[in-house]
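Two complexes come next, and they have one chain in common, chain A, joined by chain B in the first and chain C in the second.
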Partner chain A sequence: MPRIGRLLHGAGLLAVFAVTIFPFYWMVSSSFKTQTDLLASPPVWLFTPTLANYADVFADQKVVGAIVNSLVVAVFSTGLAVVLGTPAAFALARYEFRGKSDLWFWFISNRFISPIVLALPIYLVAQNIGLLDTHLVLILVYITFILPIVVWICTDQFRSIPRDLEEAARLEGASQFDIFWRIYLPLGVPGIAVSAIFGFIFSWNELLYALVLTRRAVQTAPVVATSFMSGYELPWGKIMATGTVIVLPVTIFALLVSRHMVRGLTMGATK
Partner chain B sequence: MSFLRLEGIEKRYGAASVINGVSISAREGEFVVFVGPSGCGKSTLLRMIAGLEEVTAGEVFIDGARVTELEPAKRKVSMVFQSYALFPHMTVRDNIAFGLKMSKVPRAEIERQVAEAARILQMEPLLDRKPRQLSGGQRQRVAIGRAIVRHPKLFLFDEPLSNLDAELRAQMRVEIARLHRELGVTMVYVTHDQVEAMTLADRIVVLRAGRVEQVGSPDELYDAPGNIFVAGFIGSPKMNLVAATVTARNGAALTLANPSLVAPLQVMGRHGGGVQPGPGVGDTVLLGLRPEHLMLGDGPNRMELVADLSESLGGSTLVYAQTRAAEPVVLQAAGRQTLGKGEMFTAGFDAARAYVFNKDGLAF
Partner chain C sequence: MSTARPRRSPSGYGRLTPLWFLAPAVLALLVIGIYPTLFAAVTSLRRYNLTRSRDGFPFVGLDNYQQVLSDPTFWETLGRTAKFFLCVMPFEIALGLGIALLLHQPGLGGLRALARVSLVVPLATTYAVVGLLGRLIFNRDFGIANSFIGLFGLPSFDWLGNSAGAFAAICVMDVWQWTPFCALIFLSGLSMVPVEIEEAARLETASKIALLRNVQLPYLLPGLTAMLILRSADVLKLFDVVFTMTRGGPGAATELISVYIQRVGFRVFDLGTASAQALLLLIITIILARVYIRFFYREIE
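Right after this comes the complex of A and B.
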């Protein structure tokens, strides 16, 4: 019986894997196909790969510029959210103060609202203060989305750090800032890394606000990728190559920080 | 003059009272042990000395200065935690140097101090390791190292050995005693283990439910426990308590009878009969006899017991038995003894080593 169970388990995992990986495979493989192979029906599984689509993409100043824009926005929004969110998480994890649970709920409730509800008000505000079509407006808006994630994950992470460490540090003369900087931040790296990955991926992939708040100057990669879909023809090869290029940085980033996601860094602290 | 003084310390969490008016003091260089069952408030008391816990009422004095509201770092105390509380992301060297760095001690001086601590604790080869690469005993040593480099006025230990196995515990106990001798610093040590208390302490403070039950040297507490609680807590195995009836009284001298006693027992109150109310003729009292003071066979006084079980410890044997009134009695006999279940035997003892407690559990 256990053998059959294991087999079923394996088969299930394989099925889920196939379903999740297939669109990705389709995008990557299509990006190396010629337009003829792409539109062939039934689809061709074996084909002679071409780099023409990529040449097309990188020749397009719009795509290159959009990737730079996306990078600027994602790095700054994620970075600032971490800088602002970790001290907030530290306070929520370790201090008792009036309105603490309300504040906590407020952070989390920011994620309850459907983004589209706020799109118009934010557009009007941005227009009135002259921030439309700037990096800054996207960074500010994305921070409001990423900050709750950072606060949420890091509060949890900081709470798991044994309190004895903080007390030992206090006895040794460490200030509250020392405790945050020298103990909670280094030990909170797994949580900070996870929230940074989520934040970066969110910023990188966000389409709605990028579409609404930008025109020409700071269009981000997802906006540009969808822009190919207008017009009389659908350049599937270029769209797929752009898609692949967009996915690449997040994948690399996730792989880089996943090393830090391993919990258990606190092992050996106590006991 | 007392070096550490607690005056009328109280601690309440809302309606729950944890410490109910504790006043104790320690001389400079003294090794004081707080002992008591879990939940008696001994760790809370220690944390209040450290400043990690606020006092609800009362005052704390260290080296003549009132420190009741002073923040922990300014009290010049070091604490070794039960969990060791080592910083897991720092090397042993950085863990030990942490407090010195916080006090902005020059680097050369830090290095000298760390090297000195490493030498005292024999852990020079471990300096560049992380805590997770150390054994429990080594981590303990690092925690002590972190405490000694700051040259505190007062060392606080919060059940430091309870996470170690028996052998290491005994070894570290000796090391802590050696450290105390070498440094000559006042130490306050919290434990629930009466063996640690007996072996390490100059003075033991026995706590129960947030109150001091008795303060005294290990020998004082062993020889003259003030009440049943202290009598049961100090000494292992626990003191036997059997009910007896007072048949005569002459000042501090009582004559006791019990169905298991072969003859009426003449016993003198250790506290001079000062305990009120003193037992009178016809009153029931508790007769306390330590297992190690009961001998198999003859003695000046004798009890008849029925054996239940005997456990050989190699060099001695623990005999679990019952009186005629089915009260459990443990006896520690020399050598190996084989007493089967239900076997009748006689246990002898010296009346000078018997304790009497009145019906309220206070020593007579």
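Right after this comes the complex of A and C.
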């Protein structure tokens, strides 16, 4: 009985792994196939890999430009969210003041807002002030969903920093800002890093705002990936190679923060 | 008699100190989040169709709302969104629980770690790319889905060219992407069960079902509630996968609420109506967020 149980357990775990990874595997393997192999029916599992699709992708100015755009937007929106969010997290973790819980709830509730709700008005406002199709508009908009995560994760992290350190610094005449800058920021680095990685992943993956708020100049990687889906015969190899190039960096980042994945996605409902 | 008040409280900060730290974040969210929302509220009271801008954008009061609420398509898409939620959740919960139990079971450490880590991959995969993959997997002529059902002797099927097939296909991709989320939440619930209690229960009963029902279930329920609320908010937001995979078609078979509002706003350019729809969606979302917060952040107060 225990032997059969062990076997079933192992088989179950293998099945979980196989099904979870399969679409990812299928994308990567398709990206190394020739068009003939891709259109084969039934699909082929063994084939001679080709790098032609990747050569195609990296020779395409549109794709390369889009990846650069995505990178610029993700880095700056995450950076800005960290700069704005860490002081707020410090205040929420350390001070008592009226309306604190309301403010906290307001930050958290941004997690629920559907992008389409904000996309329309932001489109109208951006159009009026000439911000459509700029990096800036995406960087600013992405703050609305990165900032709540930074505030949430960093508040949690700052709360775990022992108060004695702060008392000692205060006796030596440190200002509140010194305490934030010299004690909380350095000791909070792990939390800040985790929230920044989440910010980067969410920003990198975002499609709706990017689709609506950009035209030609600032198309991001997901927008360009979807733009291949027109025409009669689709260049599947190139599409899958582009997909792989887009997904690979965020997958690596996600593996780095895999222990925090649930906390990041639920904003802390479960530890 | 001097009445000089201390400038600082004993804890070393003035009454306004928190404000300085909070102001940047609050101002940013006010300007980027609230101001456009108010703008949308004003727009929703106007006739604001970009294809007919020659008429100007006159105020029409609550006409847009009345029109949206009496628009059968709006209710159909909301209903379809609810149906989507009801189709995917049972699978995500059942499979998620099964996976969590497999991962919680002692033994086979290496394999368990491998399976656990792999769960992160779907969660991080760019949604638009999930949609592209869906189009490849469910392709009528050379998709792997057809060779899979072929194993059971079923004939090839035009998944994405068929209402029921397309709906099933977006459900499958959603189940693939979000079951890991449920599994990881359940797993963290299972790991909260005190070890002594679980050991004692294992000695007392050999039945896994009794163990699950009597010992582990209470630790799983908060996670289940979180899952239901967050996933319903996410389904209301769901756009990328559907847009890349089916554009809401064929017909309106996969047009969920976010896809519909995007179409009205940015493919029909009727921004007044779309703003009214978006604000109605916002109200639903705020209610969901309040419920969520009420459940999970009580300890802060």
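Quick note on the criterion: the second predicted complex is superposed on the first by the 237 of 271 C-alpha atoms of A that agree within 3 Å, B and C clash if a C-alpha of one lies under 4 Å from a C-alpha of the other, contacts with A are read in each partner's own complex, and residues count from 1 in each chain.
Please note the rule applied: a contact is a pair of C-beta atoms (placed from the backbone, for glycine too) under 8 Å apart; a residue touches a chain by one contact, two chains touch by 3 or more.
Computed from a predicted structure; not experimentally measured.
S.K.: State whether A:T50 touches chain B only (first), chain C only (second), both chains, or neither.
M.R.: Neither: A:T50 stays clear of chain B and chain C.
S.K.: Quick one: classify A:R170 as touching chain B (first), chain C (second), both or neither.
M.R.: A:R170 sits against chain B and chain C alike.
S.K.: With the two structures laid over each other on chain A, which partner does A:S227 touch: chain B (first), chain C (second), both, or neither?
M.R.: It touches nothing on chain B or chain C.
S.K.: Once chain A of both complexes is superposed, is A:L255 in touch with chain B (first), chain C (second), both, or neither?
M.R.: In the superposition, A:L255 contacts chain C only.
S.K.: Contacts for A:L118 in the overlay, against chain B (first) and chain C (second): which applies, first, second, both or neither?
M.R.: So A:L118 only meets chain C here.
S.K.: Determine, under the contact definition given at the top, whether A:P186 touches first (chain B), second (chain C), both, or neither.
M.R.: A:P186 contacts chain B only, not chain C.
S.K.: With both structures superposed, pick whichever of chain B and chain C touches the larger number of chain A residues.
M.R.: Greater contact footprint in residues on chain A: C.
S.K.: Quick check for you: in the superposed arrangement, does A:D178 touch first (chain B), second (chain C), both or neither?
M.R.: Only chain B is touched by A:D178; chain C is not.
S.K.: Applying the document's definition of touch, where does A:P162 land relative to chain B and chain C: first, second, both, or neither?
M.R.: first
S.K.: Do chain B and chain C touch any of the same residues on chain A, and if so, which?
M.R.: Of chain A, residues 170, 265-266, 268-271 contact chain B in one complex and chain C in the other.
S.K.: Which of the residues in chain A end up touching chain C in this complex?
M.R.: Going through chain A, the ones touching chain C are 6, 9-10, 12-14, 16-17, 19-21, 23-24, 26-27, 30, 38-43, 83-85, 87-88, 90-92, 95, 97, 101, 103-125, 140-141, 143-144, 147, 151, 170, 176, 180, 201, 204-205, 207-208, 211-212, 221-223, 225-226, 228-229, 236, 239-240, 243, 246-247, 250-251, 253-255, 258, 261-262, 265-266, 268-271.
S.K.: Show me the residue ranges of chain C that touch chain A in the complex, using the header's touch definition.
M.R.: 12-13, 15, 17-18, 20-22, 24-26, 28-29, 32-33, 35-40, 43, 98-99, 102-103, 105, 107-108, 111-112, 114-133, 135-137, 141-144, 146-147, 150, 176, 180-181, 184-185, 188-189, 192, 222-223, 226, 230, 233, 236-237, 239-240, 243-244, 258, 261-262, 265-266, 271, 274-275, 278-279, 281-282, 285-286, 288-290, 292-293, 295-297, 300-301
S.K.: Which part of chain B faces chain A closely enough to touch in the complex?
M.R.: 50-52, 71-73, 77-79, 81, 83-89, 98-99, 102-103, 130-134, 136, 139, 146, 150, 163
S.K.: Across the complex, what residues on chain A touch chain B?
M.R.: 162, 164-165, 167-174, 178, 182-183, 186-187, 265-271
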